[in-house]
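Some structures to go through are shown next.
Same chain, two partners: chain A is paired with chain B first, then with chain C.
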Partner chain A sequence: MSKAIEVNNISKAFGSNVILDQLNFQLNPGDKLSIVGPSGSGKTTLLRILAGLDHPSSGTIKLGEKDVTHLDARTRKVGLVFQQPLLFPHMTVEENIDYGARLTGTFSREKTSDLLTAINLTETRTQFPSELSGGQQQRVALARALATEPEILLLDEPFSSLDPGMRQELRYWVRDLLDERGITSIFVTHDREEAMLMGDTIGVFYNGGFQQLASAETILQSPANPFVVQFFDNHLLIDQDHYVPLNKISFSSQATGARVMKAVLLQTSVANGERVAHVYVEELDKRLSLRLPFPHDGGSLDIFIPANHIYSFDSSRGAGRYE
Partner chain B sequence: MKYKILFYIIAGLLFVSPVFVLLLQSITTPWRFQTAQEMNVQLKSFAVLWSDPNLWTATIGSIVIGAFVLLFNFLIGITAGKALALYSFKGRTLMEALLLAPLLIPVLAVAMGLHLLMIRIGLADTWIGVTLVHLVPTVPYSIKIFHHAYSQLGKPMIEQAQILGASERKQFLTVELPLLKNAIRSVTFLTIVISLSQYAITAIIGGGSVVTLPMVFFPFLDTANPSIMAAFSVWFAAPPLLMYILIEGLLSLLPYSQTPWRNRA
Partner chain C sequence: MNLYKIKPWLLILPALLFLILPAYGLWAAFSESIKDGSDVTLTYYHQLFTSERFLSSLWFSLYTSLTATLASMIIGIFITRSFAHFLTDSLPRLSVWLPMLFPHLVFAYVIILIFSETGWLAQMLTMIGVLESPGEFPILTRDNYGIGIILAYIAKEVPFVILMLFPVYNAIPPAYYDVVKTLGGSRMEQFKTVEWPQISTVVMEIFFILFAFTLTAYEVPAILGTNFPEMVSVLSYDWFYSGSWEDRPLAFAAMVTISLLITLMAFIGYMYVNRKRMRALRGRL
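== the complex of A and B ==
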């Protein structure tokens, strides 16, 4: 079976500034990839190249069997939902959804009705975008992209302009819609939680390439390098070769051979029904957030790092080799 | 609601009432407040106006020249405005300054130089020459207006149309033009009014062979008869209005125009 998308050795540079460096990945039909990385790392450039709005300096992109590297955005069968809904303000909701479908010859009234039902906006079909809320507009933008029946759907931080409540609601809703319809998608975000919700595979993007391309579980169990550890905040980076899962660090000694470090309690808060201590570990010059089992007024604390849970990047799980 | 009423009061005072007074004056004898004169309805002022043998030639000449000036303004304004707003290229700021430069130099000075050029290329004393010289005081404004309109429209909106599969022509007709309507309206009024008001440069380049409304209008300034002046002003206001109605009609033919027959809930 051919891949939905195959990206081979894609590079992009603006002058001496390398944005993408020999990037490779491929997705099977129906796969969902989240690309997450810090702002300005080149995620959007990658998406624009995949959509055909920018062209790579070198490398090839295949959609199915077809090499689309040099094809214009107009002729690629790719859908793109931007950060802003970018609905055409002079068209009604229905006309917006139909616009691309009519141009690509995939228009049918049934499909439009089906999409309007899917986005729960059937009643707004004759309204103009300015009459809709931000979340509704983004749903219409998604329906408009899906109406063209793209081979792959690209989403560039589509929820970033929404308020947190609406954002959370739309995340689940969009993910369900993509799953139901078996749509191959690439979702770009700088939000780690969003990346995990929207993709089965997560590409941690930095420095022109993927630092790790794996499932959320793998990233949690075996982060590939110090960048991944620092970006996801699931572990404490002890040095450039070693890390320890945060859930293994405690404020009381439970095992022999634990490494003890001095920490200063900066603040306490509550999250997911648990007390959380925000501490500063001077030895590592790092701030951490750890579950605090008992109330504490402030000042110094000892944190205990069990030696058998200190892992090195090149070792497999369960083989702590920290000396 | 309060602001709406305030808007109507201000608009009524500053725009509607002067036009009403002008229309009234054009069909009445001169009248002054507290002079015990009666306001008598008359059409003599229009009779004087229509008695001018050049009136129709000048009116049609002004409309034709105005229409072509408008067409060139659309062509140059939309292309240059789009390039300045959406594309990044070396020397863009310089290019923008150069395109706006004609506004900084007195039009008469430009017209003198252009007159020599027109004579050399055989366009002096022709309506084409006059049309071209009318571009000098109008094109910079059009470029500025379309530049602003395209900046507001934004590159992402155009890219969205591309992603959805629109060809360049389709994208221009279905997305760009409908969203440029307000700019098109502004350019229409501004261009026609500026073109219609040019006396000196039309006289220099037209050499008297090309007759436009101001050339007929100016001799009437000596009459000091407010009724005749009002009648001429009403006549003068008609071409821009006609052109505006024509353009508005054309704009309503654009795809996705908001017309009464469009399906609304």
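== the complex of A and C ==
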């Protein structure tokens, strides 16, 4: 079976500024990839190149069997949902959804009704975008992109303009819709939690390429490099070669051979029903948030790092594997 | 009545006071155009609409100003949409808008200098051998088709069109173009879906401003126009200042007719523009 998308050695540079550097990945039909990375790392440029809005300096992109590298956006079967809904204000909800379908010759009344049902907005079909909430508008934008029957759907931080409650609700809802319809999708975000919710595979994007392309579980178990460790905050980076999972660090010695470091308690808070200590570790010049099993009224603390849980990025040199 | 209620009227008062002048002028012209001694008459209007000179002048004026207005708008829209991102810098913007500082008279004179039978263009074409003599150069000024008038108005009004349209183009989020592209839309579709709903109200306003102005302004057709047919403004001026007192009410009747025509068009346009503006901004009217 052919891949839904195959990206081979894509590079993009603006002058001497390299945005994408020999990037490779491929997705099977129905796969969901989240691309996560810091703001300004080039995620959106990658998405624009995949959509055909920008062209790569070198490399090839295949959709199914077809090489689309030199096709422009309007002739590629790629849907794109933007950060803002960008609905046409002078068109009704229904007209907005139909717009792309009519242009691409894929319009049918049944499909529009089906999409309106899928986004739970059948009642608003004759309303205008200004009469909808931000979340509803973004759902219409999603339906508009899906109405063109794209081979792959690209989503560029589509929830970033919504308030936190609406954002969380839409994340689950969109993920369910993509799963139900078996849509191949690439979701770009700078939010780590969102990346894990929206993708089965996560591409940690930085410095022109994927620092790691793996499932959330693999990234948790075996982060590829110091950048991934620091970006996800699941581990404490001890030096450029070694890290320790945060949940193995404790405030009391439970095993012999633990490495002890001095920490200053900055603040305590509560999250998920547990007390959390926010501490500063002077030796590593790092701030950490750790589960605090007992109340503490400030001052300094010792943190214990078990030696058997200090891992190396190069597993052959590692002291052990995190379980 | 509290201050809150009368405040809008206070604010609009200077504009209303200013309107007294043209309103009085229009009323005075109208009353002169229907006066025959102490009697009321429509004789002058009857004379006007049976006068071949006036009807030719009216059609010539409508054709000339409509052509100049539409050409200015098409060129202005094309330049604005092509160069909007350059116009954000002050130097290119200034260079485009600078021609607005010069009076229409200057533009009429420049058209004569360049396009008359003895103008620069005729001499240059003769010099490089395209024409044998400047006399072969086509008549483009003081011609029967109003070409000189149209050229002068285009040169003068295009910067005005750009001035009006630039802020609108500047406010269109560029991502809308990408939306249309990813939905399969061509460049024409981008214009139709993204730009036209935004600019159509301003385009309509520009049309009425330019059309009303070019239809009634005097100096350009006086310099670049021919004796027959002549623009209605030139004809009215002639009637007003001709030796015969009997022609003066005709001048008033002609101007009242044109004013009514423009007022009617502006009213219809205003109603249409308001609907379009609300539709573009909010969708529902």
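Methods note: the second predicted complex is superposed on the first by the 316 of 323 C-alpha atoms of A that agree within 3 Å, B and C clash if a C-alpha of one lies under 4 Å from a C-alpha of the other, contacts with A are read in each partner's own complex, and residues count from 1 in each chain.
Basically, a residue touches a chain if its C-beta (ideal position, glycine included) is under 8 Å from a C-beta of that chain, and two chains touch if they have at least 3 such contacts.
Model, not experiment: these values are computed from the prediction.
J.: Based on the superposition on chain A, does the combination of chain B and chain C result in a clash or a fit?
T.: They clash: once the shared chain is superposed, the two partners overlap in space.
J.: Between chain B and chain C, whom does A:Thr92 touch in the aligned arrangement: first, second, both, or neither?
T.: A:Thr92 sits against chain B and chain C alike.
J.: Per the contact definition in the header, classify A:Gly79: touching chain B only (first), chain C only (second), both, or neither.
T.: So A:Gly79 meets both chain B and chain C here.
J.: Where does A:Ser130 make contact in the superposed view: on chain B (first), on chain C (second), on both, or on neither?
T.: Second partner only, chain C.
J.: Taking the superposition as given, does A:Leu53 touch the first partner, chain B, the second, chain C, both, or neither?
T.: both
J.: Could you look at A:Leu103 and tell me whether it touches chain B, chain C, both or neither (first, second, both, neither)?
T.: The answer is both, since A:Leu103 touches chain B and chain C.
J.: Considering only touches as defined above, state whether A:Thr148 meets chain B (first), chain C (second), both or neither.
T.: Once the two structures are laid over each other on A, A:Thr148 reaches both partners.
J.: Would you mind listing the overlap between the chain B footprint and the chain C footprint on chain A?
T.: Comparing the two interfaces on chain A, one with chain B and one with chain C, the shared residues are 51-53, 72-75, 78-80, 82, 84, 86, 88-92, 99-100, 103-104, 127, 144-145, 148.
J.: Show which residues of chain A lie in contact with chain C when the two form their complex.
T.: My answer: residues 48, 51-53, 72-75, 78-80, 82, 84, 86, 88-92, 99-100, 103-104, 127-131, 144-145, 148.
J.: Quick check on the complex: what are the chain B residues that touch chain A?
T.: The touching residues are 156-157, 159-167, 170, 174-175, 178-179, 256-258, 263-265.
J.: Using the touch rule from the top, collect the residues of chain C that touch chain A in their complex.
T.: That would be residues 173, 175-176, 178-179, 181-186, 189, 193-194, 197, 279-284 of chain C.
J.: Quick one: which bits of chain A touch chain B in the complex? Just the residue numbers, please.
T.: On the chain A side, the touching residues are 51-53, 72-75, 78-80, 82, 84, 86, 88-92, 95, 99-100, 103-104, 125-127, 144-145, 148.
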